[in-house]
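Okay, handing you the structure first.
Chain IDs A, B, C and D follow the sequence of writing; residue 1 opens each chain.
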Amino acid sequence: MFLGPSLALSAVLFALGVVGVLIQRNAIVVFMCVELMLNAVNLTFVALSQLHGISGQIMVFFVMTVAAAEAAVGLAIILAIFRHTKSVDLTQINLLKG
Amino acid sequence: MLIDLSTPGGAVLGLLPELALTAWALVILLVIAWRHTTVADTRLVGQLSIVGYVLAAGAAGWLGLQGAHAEGLNLMIALDGFRFVSDILLLWIGAAVTVISLRWLERQGMLAPEYYVLLMLATVGMMLLAGAADMITLFLGLEVMSISVYVLAGYDRSRRASAEAALKYFLIGAFASGFLLYGIALTYGAAGQFIFSLIGGQLAATPPTLMAKLGMGLLLVGFAFKVAAVPFHAWAPDVYEGAPTPVTAFMASGVKAAAFLALARILAEVFPAFVELWRPVVGGLAIATILVGNLTALAQTSLKRMLAYSAIAHAGYLLLAIWAQSDSGTAAVLIYLLAYGLTTVAAFGILASIERTGTETVRLADLEGLYSTRPLAATGLSVCMLSLLGFPGTFGFIGKWLLLSSALSQGEWLLPLVAMIGSGISIGYYLPVVLAMVMKPAPNPTAHDTIRFPRPATVAIACCVFVILVLGFWPNPVLNFASRQAVQLRHTAVVIAPR
Amino acid sequence: MTQFVWVAVLLPLLGAIANGWLAFRRPNAKGLVSAIGVGVLLVAFVVAVGVFLEVRHRAEAVTVLLWHWMPVTQRLSIDLAFRVDRLSTVLLLVITGVGGLIHLFSVGYMKSDAGYARYFAYLNLFIACMLILVLGASLPVSFIGWEGVGLCSYLLIGFWFEIDANSDAGKKAFIANRIGDFGVLMAMFLLWTNLGTLDFAEIAQRAPAVIPAGSTLAVGITLLIFLGCTGKSAQIPLFVWLPDAMAGPTPVSALIHAATMVTAGVFLVVRTGVLFALAPVTLEVVALIGALTAFFAATIGLRQYDIKKVLAYSTISQLGYMFLGVGTGAFATGIFHLVTHAFFKALLFLGAGSVIHAMHHAYHHVHAHDDAQDMRNMGGLRAVMPWTFTLMLIATLAIAGVPPFAGFFSKDEILAAAFARGATNPVYLVAWGLGVAAALMTAYYMARLMAMTFLGKFRGGAGAEPHLHEAPWIMTGPLVVLGVLSVIGGAINLPAFLGEGSAEGLDRWLEPVTAPAQALMPALVMPHGGTEVMLLGGAIVVALLGLTLGLRVTMASPIPLPGQAAPEHGLWLLLNRKYYIDELYAAVIIRPVHWLSRRVLWQIIDAFLVDRMAVGGTARIATSLGWLGSRVQNGQIAFYVVMFAAGAVLILRTLLR
Amino acid sequence: MNAVTVVFWCFAAWAVASAVLMITRSHAITSALWLVSTMFALSGIFLLLHAEFIAIVQVLVYAGAVMVLFLFVIMLLNLEMEPWQWRRWPIWVFGAGLVAVLCASLVSLRSYTPERLAQEVSGLSSAVDPAMIFPDGRAAEAAARSQGVVGAMAEPLFRSYLVPFEVTSILLLAAIIGAVVLAKRKL
């Protein structure tokens, strides 16, 4: 069953994703860290679906669809900013502030 | 009218407004396939898209008039007056933003008619989010809305600020989605359900568990991001400033409204049993949001950014009504969203017309003497500012009054006091706008010559301003209507027997 | 006619819209603008008279329901309704009557101003709002007017917006008022949660049963209402805006900052009299604050050189008297002074406007840029402006409290009431003492104003002198009417000993309004017989003494032009000369008082402490906090994520507590 | 500790190690590859948790398609190597502390066992059999045996969850339009 261990692993991976968002400067890698967070949550869903039935896995299926859609749009946005700044370094992207 | 949502026919009927808008969006896409080159094409598409909003609003109104309700449980989508009213509110915002975008896109050289399709799809997402009756629809609606708005925020591709706004919104938005999803997962774990009313029943049957508490906390984090509550607000000013102005209007009114409606529904249907747990959280968020939003707005010189912080402050006031968790609170949310939506769309609409082509932001100094050259625009913007300030005689006052009284009727003192202090601080930045327009002379006679008020936008803005004033003195019908719809959102869970 | 009272509100509103439209379309159609602007006021006055004639035979109030405004739940139901009773009728007459005269005066005064139509639009809007304020049947309706008059006042103060200081003054006025409004709003919520109503009639009915007399709740509610009144009526500590508000056109000062709007606070106290009757502590506070303001403002008024500033501080001082009056629980007395003050203060301001008008024209002819409002530039105007001089003299005698002019009766009644209360409560005795001292100073500074303006020789330069002339009749006409009212105004409420039939007219007239509150308070035994005569005599002596002193001290020494040697040094040179007694007096009493007035009270307390620290300081703190918030917003996504994580942790830890 | 448990912990260690490496690499491609590695590890855990379909889709869609898109964009942009540097300011120490607290809150979920969850859901004070409380879980296992893994997913997906399934089509449509609009050279 591995319910507890899966939930803990999920939490650790989620936290690692958050840390990645914090420390990385490359917009693409930051986005990948967000994907890691989504994956971590998927693990929670799957672990719980052993008890609660197939609906949890169906949710995971939808989450993957969402992740794919986000990837398409997100990478397009990153391409768009790259056209302006010739860089995807987030520390350089701070025109808007104050 | 009784609708069985478990059958395909019932689902189609129940989702008629969303389906109508989506179908019309597809029709528009087909039109774009042939006509997407000239200014006239863009304009045509924009005008056509308004039909979709009207159709969808008609469908929502029809369902509402038929008294549509679900046979058994609300599966996937809610069938109650609250949803139909939310739908019409959101559709109205979508249509109004479309109208103020009509000539603006041409002026700014953004000739891609897909803009209107994305606006429609975002509205579909907002309607699904606000009307969702289970977590899956909620999440998907949220994502449909968010993905469309991420793109819209970056739609002005010639400006770096727009791309930056899109990137910031996207990265932090996706990050927040992760929290929200985690919340959904843990709530699912604690209740074994995705359907709101069943989760509510399950959670009410047993004392709060660790998993349920964490799930609720993470869901609150996700929504706090969407409504831009402090300290999850930091993205909002940057994104609002960088996005194309009509899109900013859409985000500040529509996205925020949808998130608030969904939050009201979730707290009412899923977590009514945890009310004592989440109240301190929502109250704390409200206090922080009101104070930070209002104080930081004081320091702004760019009008768009000032309105962004003001939008944050208004989210704080709305949290007050959510906090109250009562029928009058829900009615206050509806009324305040209407008042705030009308005002925000009108204010950003005027701002969009004042903007010069290109990248320059409108500063306070740019408004000086507007009253002498463009009296109607200045009057309109003044009314908007007074309504946001909560000046009696405007609809904003009615909204604020209802918010405060809904919180006060729960015997709460601190929150209304903070709200009134915040409202006092807000004089410091709303008033200078009126002051600059009415009391300062224009820096030079040609200062306002670049301002263009296209007819459709003027009509839409004038309607908004007129309604703000009329409802300020005669809000009766709207108030009665809102309170009738609000009571349909139950604040108690149907407790199911423990398994 | 009572049922048509809304016409009196609607017409000025329509006038405002029409004039606002003309301001953009036909800015030069001044004839049309004046016809609309003054016309609507005339009709409104006729309506007011009609209402008065009906109300004369009817003691009970009539509620004119327009439509339901905010019926949200069963508990809260607010109608947009007007309450026509004897109190609102009095105010209705004063506002439309005095307001109409000031409109008429403005036709002449603003004749050559470019913003003529805009001016009348604001003025009409102001009248509409003021009428909503006094006619409102419930607190929220009155609050619309309350906020509306604030907005109009703010628009009119900054009317000449080309000058930055003017719009700043407007802003200051608005902020001070909003602090007060906060109090009113809080009081409204308190009333609503406790009484479940905001209707004036129902408040009066339910409050005695629900709110225990002397309870914290009663004191809290009334103090909050009074906070609103201090803002609107320029009392300590929120008076700072009124002197600055003189930046607007002079008829505006007359209408808004003397005759009508600033008295709204007094009106509100009387309107919610039952609540105040339940809170004796608040009444003491009201009386004491009123007396202190009367004294404090009069002291500052002693040493001002700007003619409008003198009148501004005088207004604050007189408003203090009104609050002293209502603070004794003698509500009708406060309203009495409100009415007479409307007459003579409007007259004073319009007279000052006439003087400024003349000075301005004269300077305009010789292309001088001296200050047309500085009294040191005036002098000797009696010869060229006999009408204005005579009328202002009447007003001076009225405000100083010389019988039989209007101010004498009202001011004396207030002091008598305070003295009577003083028999049982020493607080009122202190207030009475302050009031008498303020009366002395009032007479002094008014005599000084008259002497500097009208007596002696013209100091504004020989070139300008031939161009001085009396104002046209459209301006002097309203002054004459106000002059007559200032003379006979006291007749509406003569003291009892002057005849049984006509005496205490206003007291009896207002009795249906004030009776519920009076029933809750210990009866006020007014002094009679010997005491009354002594008080009356004392008041007359104080007034005459003040006037004589003011006249003599001012005329004793040559008045230096602005920017020349300070008078203090000049006085020392004259020490052993002709006016030895006066100079001794000046050295021992007048100069310390002047010093106190100008250096301590005005410069330190008013300008520095209240103005800079309290008002400005709050604004600065808020702004710097805002700046801090703005710095946190550094544009770095990672930083935003840290804030996000902090929020998430806070929320989760709160829930897991 | 049986063999399955050992395998689970191996996968877990693999996932965490890959994730740590992913977030600390200075080059985007390396990070992406470590993310793929994490996803493989997770898909192994999904298999152990009896979610075979999800495990396959994880490899096919996530690791196969989405990550290839990432790699494609990274290479398209051809970013130069950015030198790794720790953020110096105390604010990042503060941030790390916050994430540690966040992580600790969430890791407290490790105490959950099927028995505990069953007890909490049922509201009973004595120990209960999870199989009694969670009939859906057993039903899913039975469906997987009778209809096959894909069938057990497909049945509810196209019946109960038809509406969300259709909503995903709107989602993808919006994403396609958005991506095209943003990425087109000329509007």
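Keep in mind that, in the parts below, a contact is a pair of C-beta atoms (placed from the backbone, for glycine too) under 8 Å apart; a residue touches a chain by one contact, two chains touch by 3 or more.
Small disclaimer: the values here were computed from a predicted structure and weren't measured.
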By C-alpha centroids, what is the most central chain here? B
Tell me which chain's centre, taken as the mean of its C-alpha atoms, is farthest from chain B. C
Where chain A and chain B are represented by their mean Cα positions, the distance between them in whole Å: 26
Taking each chain's centre as the mean position of its Cα atoms, how many Å separate chain B from chain D? 31
Can you check how far apart chain A and chain C are, centre to centre, with Cα atoms defining each centre and the answer in Å? 64
Rounded to the nearest Å, the gap separating the Cα centres of chain C and chain D is 71
Shared interface positions of chain A, touching two or more other chains: 7, 14, 17-18, 21-23, 25, 30-31, 51-53, 55, 58, 62, 66, 69-70, 73, 76-78, 80, 90, 93, 95-98
Could you pull out the residues of chain D that touch at least 2 other chains? 87, 92, 95, 99, 102, 105-106, 109, 111-112, 117, 134, 136, 160-161, 164, 168, 171, 174-175, 178-179, 182
Which chain C residues touch at least two other chains? 630, 633, 635, 637-639, 641-642, 645-646, 648, 652, 656
For chain D, which residues count as touching chain B in their complex? 105-106, 108-109, 111-112, 117, 120-124, 133-134, 136, 160-164, 167-168, 170-171, 173-175, 177-182, 187
Which part of chain B faces chain A closely enough to touch in the complex? 135-136, 139-140, 143, 147, 150-151, 154, 157, 160-161, 163-168, 170-171, 174-175, 177-178, 181-182, 184-186, 188-189, 192-194, 237-239, 241-242, 299-300, 305
Residues on chain C engaged by chain B in the complex (per definition of touch): 23-24, 67-73, 75-76, 80, 140, 143-144, 146-148, 151, 155, 158, 161-162, 166-167, 170-171, 174-175, 178-179, 182, 185-186, 189, 192-193, 619, 622-623, 625-627, 629-630, 632-633, 635, 637, 639-641, 643-644, 646-648, 650-652, 654-656
Touching residues on chain A, where the partner in the complex is chain D: 1-20, 22-26, 28-29, 31-33, 35-36, 39, 42-43, 46-47, 49-55, 57-58, 60-62, 64-73, 75-80, 82, 87-89
For a test of understanding, state which residues of chain D touch chain C in their complex under the given definition. 87, 91-92, 94-95, 98-99, 101-102, 105
